[in-house]
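Below, each structure is written out as C-alpha cells.
One chain, chain A, links the two complexes that follow: it is found with chain B in the first and with chain C in the second.
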Partner chain A sequence: MVAIPFEVSRSAGPGQKPRFDKFTVNVSEETPILTALLQIRSELDPSLGLRYSCRQAICGSCAMRVNGKSRLVCSTPVGPEFRAHGKVVIEPMANQPVVKDLITDMTPFWDRYRRVHPHLILDPAHPLPKDKESSMTPEQFDQFKETPRCIACGACYSACPALGSDDEFLGPMALAKMYRFVVDPRDSAYRQRLATIQNQSLWLCLRCNMCVEACPKDVRPAERIVDLKRLAIQELGAPEQGSRHAEKFMTNIEDGGVLNEMKLARETLGIFGTLKQIPKGIQMMRHGRSLKKHPPIQGVQEVKVIYSELNKPEDLMHRPRPAGKGVKGGGQ
Partner chain B sequence: MKVAYYPGCVAQESGKELDIATRAVAKILGIELVDFPNFSCCGSGFIDEANQTLNVALNGRNLAIAEKASMDVVMTVCSTCQGMLAHAKHTLAKDPVVRKRSDETLTKIGYRYQGTATPKHLMQIIVENLGGAEKLRPYVKRPLTGVKVAAFYGCHILRPHDIMEFDDPEDPHYFEDIIRVIGAEPVYYRGRVMCCGFPIQFVKPATAERIAGKQIQEAKRHGADTMATPCPLCHISLDNYQKEAGRAVGEELDMPVLHFPQLLGLAFGLDPKDLGLPRHLADTTGLVEKLSRVAVPA
Partner chain C sequence: MSYSHDVLVVGAGLAGQRAALEAFRAGANVGVISKLHPLRSHSVAAQGGINAALGPGDSPEGHIYDTVKGSDYLADQDAAKILCTEAGPCVIEMEHFGTIFNRAPDGSLDRRAFGGASKSRTIYSADRTGLALLQALYEELGRERAITVYEEWDALELVMKDGRVHGLVGLHRKTSKIEGFSAKAVVIATGPAGRIYGKTTNSHSSTGDGNAIAYRAGAYLKDMEFVQFHPTALPHTSILITEGARGEGGMLKNSKGERFMERYAPNFKDLASRDVVSRAIVTEVREGRGFPDGTVHLELMHLGREKIESKLQEIVEITRKFIGIDPVTQGIPVFPAQHYMMGGVHTDPKGATNLPGLYAAGEAACVSVHGANRLGANSLLDTLVFGKISGAEAAAWAKKTSSATVTQGEVDAVTTRIHTMWERKEGETVVKLRNEMQNAMDEKVGVYRRPDELLAALAKISELKDRYRNVYVSDKSTTFNLNLIEAIELGNMLDQAEVLVAGAVARTESRGAHVRMDFPNRDDAQWLKHTMALPSKEGPVLTYLPVTITDYQPKARSY
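Entry: the complex of A and B
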C-alpha cells in the first residue's frame, strides 16, 4: 500500500471557478484511479460528484483528465501517475461545461455526433436483401474495423486542441464515426456526407494526434480524419482552402523537389490572400528572412518520375490496413 | 558519429538560422553531418492528405538515398520531417500494398529501399546515441543560470507513440532533462505537448493564431523567459506569427522563441548573432542581455 496524494477539481456548477481539494488515499499502485476516487467519496467526502458505471472500460462513462491527460479512470492505474508526478491531479473532461466536480455536460459532444447522421442511409432504389444477410468482403470490412470499437467516452473530445479553439470543428469522434459510414458499402450517402464536411470542419483537424493517444479503444481518430481528407479530395476535388492547400503543396514539390514557400502562399491563398501577407513578408525580410526560391534539388527528375507513376487516384476504399497498436483496457 | 543530415525545407529557406545553429552545435558535439543535395521535401503532412502512396515513396526515396551511402541514421531537426520520415518507414514495413507500389517506382529510378536507415531528430540522437542529456554537461560553457525555458515539443516528434517511439507522447521529459543540464530551469505547462496551430495557418488563420496564442500565453503565465522548440514549423507559428497570436488572445506576448539547436548553442558559449537570433521576429535582445550577465570563460 502507498499513500497517494490526490488533488481533485471541485466545482459547484457551470461557470463556477473550480478549486482543488486535497486527499490522501492508501491503495496499491495497481489500483484503478476510479477505485481510489470511490474510496475518497465513501471515506473522506461523500459530496464528490463523478460519473461511472461498468468499471471495465466498456461503458465509457468515466473519462476525466488525469494529470492533464484524458483517460478512462477505471482502466488507468494510480502507480505510474504517482511515480511520474508525485501526485494525481484529477479534473473533469475539457471542452465541455462542468455540471458538478468531475461531471460534465456532454451535450456539445452528442450534438456533433448527431450532425454526422450516425446511421446507415440506404438508397430506396437498392434496398438491402430481406431474406438473407447483407454481405461484404473481408477487405471492405477491414476499412472500418477500428471505428465500431468507439464507446463514445469523450476522451478524444476532451483532448482535442482544435475543439477548444474553434466551435465549427466536429471533433475526432464525430468525424471517425462519419468515416465508418462513408466506407460502408451499404451506405448510399457517401458523397453527400463528404460534401457536408469538405467545406470547413474536415480541414480544421490539426493532425496533432492527441486523440490517438487519448482513445482507450485504438480507434485512431486523427488517422481516420486523414482518410476522410483523401477521400474528399478524390471524390470532390479541391474546392476550398484546406484541400487546395494539400493539393498545391503536392504539386509544389513536383516542381523542384523542395518547397517554394512564396508559390505555395500565392496558390493556396489566391491574389487577395497573398496581398494580405505582404506586411508579414516585409517584416520577415527586415529580419533577414529571405523568401527566395530554393534551387531545385539534385535529381529532381527522380522526383518527377515518382509523381508520374503515383500521382494517380489511389484505391482508398478497399485496401487492407495494417493492424494498430491494439486495444487498451478491458472489453471490446 | 556520422549521420545523413536532413535539414528540411524551412531550415534551407526562411528559417536558415536553424541550419546555421545545427551545423555549429553538431560540430561541437562531434556529430559529422553528411549533406545530400538530392533529398526532397518530406511532404509536411500535406502531401499525405492528398496521396499517401506518393508521400511514402518520396520519403522512401529519401531514406534509400541514405542507405545507398551506407548511412544508418538520417538526422532531422524538424518534428514534422521526423514524423513524416518515421511514418514512411512504418508504412513501408507494415503495409504491403503501399510497399509494392513504392518499390516498383523506386526501382525505376535506381533505388532499393531496405529499411536499414532510421530517421532520428537531433534531440533523439542526444538521448539515444550520445548517451543522454548528462553527456552534454562537458560542452556547457555558459550555463543558462536563472533562465526559465518553456519547452515546446511539436506534435510529430511525439505522436503517435507507436510510430515515433520517442519519450512519453503526452508527458515527455527529455527536453526538460536537457534544459536542466545546460543550467536553465524548465517550465512545466500543458501547452508544451500541444499543437502550435501551424497545420491550419493557411486554412483558418484566426483559429491557428488563437491556438498559438494560448500556448505562448500559458508559457508566459508560468514565468518563461523564452520558449524553445525542436520544430521550425512551430517556430513559424510561435515566432513569425506571434504578433497575430497575441492579437488573437488579446495580449502583447513578447516571448522569445528559440530553435532547439540555438538553445544548445547559447549554452555552449556561441555568440547569439552567430546562431541567427537577430533573424527572429519576436525580440530576443532581453534574453541575450540576461545571458550576457553570465560570463563565458575563455
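Entry: the complex of A and C
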C-alpha cells in the first residue's frame, strides 16, 4: 500500500471555473485509477462526478485526463503515474464542454461520428445474399485491422490537438470508423466515402500520433487516416489542395533531398494562390524563418534510391484496392 | 415537461435496441430510455459468442436439446424451440447489419466450441462478440432517425392504471429533474442485477432497475434463485475470462497440475456446462488442490502465441494490463464469480408479462429459455431473438390501445418519495448498506448453499431493507448526483435480493446452478416448476408455475 496524492478537477456545472480538490488514497501500485477514484467516492467525497461502468476497458465510459494525458482510467494503474509525477492529477477529457467534475458533454464527439454515416451503405443492384451470411475471406476480415476494437471512449478525441482548429475536422475516432466502413467488402459507397473526406478532413490531421498514444485499444487512428489518404489519392487522384500537397511534397523532396517550400507552394496553390500567401511569407521572414531554396543535401543520390524503391508497384501508393473493392460491384 | 410514445423501451443494450428497432418497423412511435449511453450498456461486455446451429451436420433440434439439458430441464421447451430456430436468421440478420464476425477460410462464419454444446456452433468476433453486435445494432438503429433515445435517464417507477401500463416516471441525470413518460406499452430490457453480489463479472450499472420497478408494479419475478457463477473470473476484480478460452482449447489445472475436469465431466471435460465447472473449481480449492491464492489455473500456453493473440485478444489485454500475467507463457488464476441471472421478469414466449402493456426481454426477462443454468453464448441470442419478438408484440399492443397518460400528480408522488430520501439530514450511507448486502450474498448465497446460511442471508436482506428506509444521501447537488442514483439503485437491488434468497430458501432441491447442501438431488416430483414472486407488505409471496415440456422428458444429466 502506498499513500497516493490525487488532485481532481471539480466543476459544479457547465461554464463553471474548475478547482482542484486534493485527496490521499491508500492503494497498491497496480490498482487501476478508476478503483482509486471510486474509493474517493466511497470514503471521502460521494459527490465526485465521473462516468464508469464495466471496469474492464470495454464499455468506454471512463476516459479522462491523467497527468495531462488522455486515458481510460479503469485500465491505467496508479503506480507508474505516481512514480513519474509524484501525484495523480485527474481532469475531464479535452475538446468537450464539462458537465460536472470529470463528466463531459460528448455531443461534439458523437456528432462527428454520425457525420461519417456509420452504417453499411448497400447497393440495391448488389444486395447481400438472402438467408445467408455475406462471404468475407479471412484476408478481407484482416483489412479492418484493429478498428473493430474501438469502444468509442473518446480518449483519442480528447488527445487530438487538431480538433480545436477547424470544425470540419472529423477527428481520429470518426475517421477510424470511416476506415472501418471503407474497407468493408459489404459496403458499396467506397468512392463516395473517400470523396467526402478527401476534400477536407483527411488533410487536417497533424500526424502527431497523440491519438495512437491515447487509444486504450490499439486502434491506431492516425495510421488509419494515413491509409485513407492513400486510398483516396489512389481512387480519386489529387483533385484538391490536400492531396496535391501530399503528392507534390513527395516529388519535391526527390529533387534535392530537402523541401523546396516556394516550389511546394507554387505547385499546391498555383501562382495566384501563392501570391495570396505573400503577407504570410513576410510575417514568417520577420520571425526569422528563411524561405530560401536549400541546395541539394549531401547524399541526395541515396534519396533517389529510396524513391526508386517507393515507386515500385508493391509500394504503398501502388497497392491494389482493398479486397472486395473491385471496379464493378462493391467498389463503385 | 412530459414525453409520449406508443412504445417506450427501458434499457438500450442488445435486447432494448432490438425491441426498439422492431417496434419502429411495426409502425410505432418509439422512445428508448437508458441510464447509460447505448454503447456503454452491459451487452458490450459479452465475450465468447452467439450460438446458432449453422454448421454442417448441426440442427436447431440439437441446439434445443443442449439448451434444455443445460437448463437441467427447467427451461420451457416451447420457448427454447423459438430461441434455437430463430438463431440462424438472427445471426444472419446481424451479419447483414454489419457485424464483423470472424470468418472461416471459405468466407463463411467461423464457429468455436462452447460449454455444454454437442457441436461447434458459437459464432464469434474474437473475444468481443458483445461489442461487435452492439456496435452493429446501434449503427443500424442510427438510420431510424425517428426513434428518440433518452440517454442518461433512470426509470424510477411504472405508472399503472385501469389494470394496464400507462408509462413511467424517470429521472434525468444531467438535471435530476423527474418527469413523466406516457407509453401504451413498455418493454423492460435493463439487464441483470449482478451487482447485488460483490464478486460479480457484471458492470457497475448492472443493478436490475427494470426488474425492480416491474416487480413493485405487480409483475412476477420468476426463478430468481437461479444465479449463474461463471467458472473463470479473475480473483479480486472478478473480471470475466471468456468460456471461449476453453472453447479454443484452454484447460483448467489445479495446483498438482491435474486436468481435474476429466474427473467431473469425463466426456465434455473443460467444456461441461458452467454450473458443473464452477462446482468442480470450488471443490478443488476447498479440498486443498487450489493455488495459495485460492484459485485454479486456466492454461492457454499450448495454443501458441498466434492463436491466443488473435482469437483471444481482449483476454490477453485484460490479463496483461490488470494482473500482469501473460497467458502466452503463464496460467491465468481464476475462480467462479456471479455472472448471469437466469431469473427475471416473467414473460410468455412473446415477451408479455402478467401486466397488460408490459413486456420484457433479455437478461431482465425470464421466458424461460435458460431454466436453472444457461449455456454459454445463449444469452446474446436470447437478447436479440426475444428483443425482436417483444418489440413487435409491444407495437401490436400499442396499436390496439387507445391512449396512455401520466399525470403531474403521478409524477409528483414519485418525486415526493425520492425527495424525502434525498432531503434526509442523517442516516446510513449507501456504501455501508451496499457492502453489507454484497457480503451477505457472496458469503451465503453462492455456488453451494447451506440452509442456515440462506436463512441468515434472508434475515440480513430484510434487516437491510429496514435500514434502507433511513438511507442518507449526503450530496444535495442536482447535476449528475451519483450519490442519489446509487441510493435508488440500492433500493432496487434489495428488492431483487430478497426475492432471490426467498426463492432459494424455499426450493428444497438441487437443480442447475441452485445447489442445496441439504438437498443434493434434483427432485422432479416436487420441483419441476418455476418460482413466481409477487411483492407484499410481508415480503415476497411465492407461487409456482409448471414447466412446459414438449419433446424432452427430464432425465439424469451428465457431461
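What we mean here is this: the second predicted complex is superposed on the first by the 268 of 332 C-alpha atoms of A that agree within 3 Å, B and C clash if a C-alpha of one lies under 4 Å from a C-alpha of the other, contacts with A are read in each partner's own complex, and residues count from 1 in each chain.
Here is the rule we go by: a contact is a pair of C-beta atoms (placed from the backbone, for glycine too) under 8 Å apart; a residue touches a chain by one contact, two chains touch by 3 or more.
Source: prediction; values computed, not measured.
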Task: Touched partner set for A:166, first chain B, second chain C, both or neither - done: first
Task: Which of chain B and chain C A:253 touches, first, second, both or neither - done: first
- [ ] Using the superposition on chain A described above, determine whether A:189 touches chain B (first), chain C (second), both, or neither.
- [x] neither
- [ ] Name the contact category of A:119: first (chain B only), second (chain C only), both, or neither.
- [x] second
TODO: Examine A:310 and indicate which partner it touches, taking first as chain B and second as chain C; both and neither are also allowed.
DONE: first
Open item on the list: Looking at A:288, would you say it contacts chain B, chain C, both, or neither? Reply first, second, both or neither.
Closed with: first
Open item on the list: In the overlaid three-chain picture, which partner chain does A:54 touch, first (chain B) or second (chain C), both, or neither?
Closed with: second
TODO: On the superposed three-chain arrangement, identify whether chain B or chain C touches more chain A residues.
DONE: B
Open item on the list: Output check: A:297 vs chain B and chain C. Expected answer is one of first, second, both, neither. What do you get?
Closed with: first
Task: chain B/chain C common contact set on chain A - done: none
- [ ] Would you pull the chain A residues touching chain B in the complex into a rising list?
- [x] 67-69, 84, 161-162, 164-166, 200, 203-210, 212-214, 220, 222-223, 226, 229-230, 233, 241-243, 245-247, 249-250, 253, 257-259, 261, 265, 268-269, 280, 283-284, 287-292, 294, 297-299, 302-303, 305-307, 309-311, 314, 319-325
Task: Of all residues in chain B, those that touch chain A in their complex - done: 9-10, 12-16, 37-41, 43-54, 57-58, 61, 91, 94-97, 101, 104-106, 108-111, 155-156, 159-162, 168-171, 190, 193-195, 197, 199-200, 202-204, 207, 210-211, 214, 240-241, 278-281
Open item on the list: So in the complex, the part of chain A that touches chain C is made up of which residues?
Closed with: 12-13, 30, 32, 41-43, 46-61, 75, 99-101, 103, 106, 114, 118-120, 128, 131-138, 140-141, 144, 148-149, 151-152, 184, 186, 217
Task: chain C - residues contacting chain A, complex - done: 36-37, 39-42, 44-45, 89, 91-92, 95-98, 100-109, 125-126, 128, 130-132, 135, 139-140, 142-143, 174, 203-205, 237, 239-240, 313-314, 317-318, 321-322, 324, 429-431, 474-475, 477, 479-483
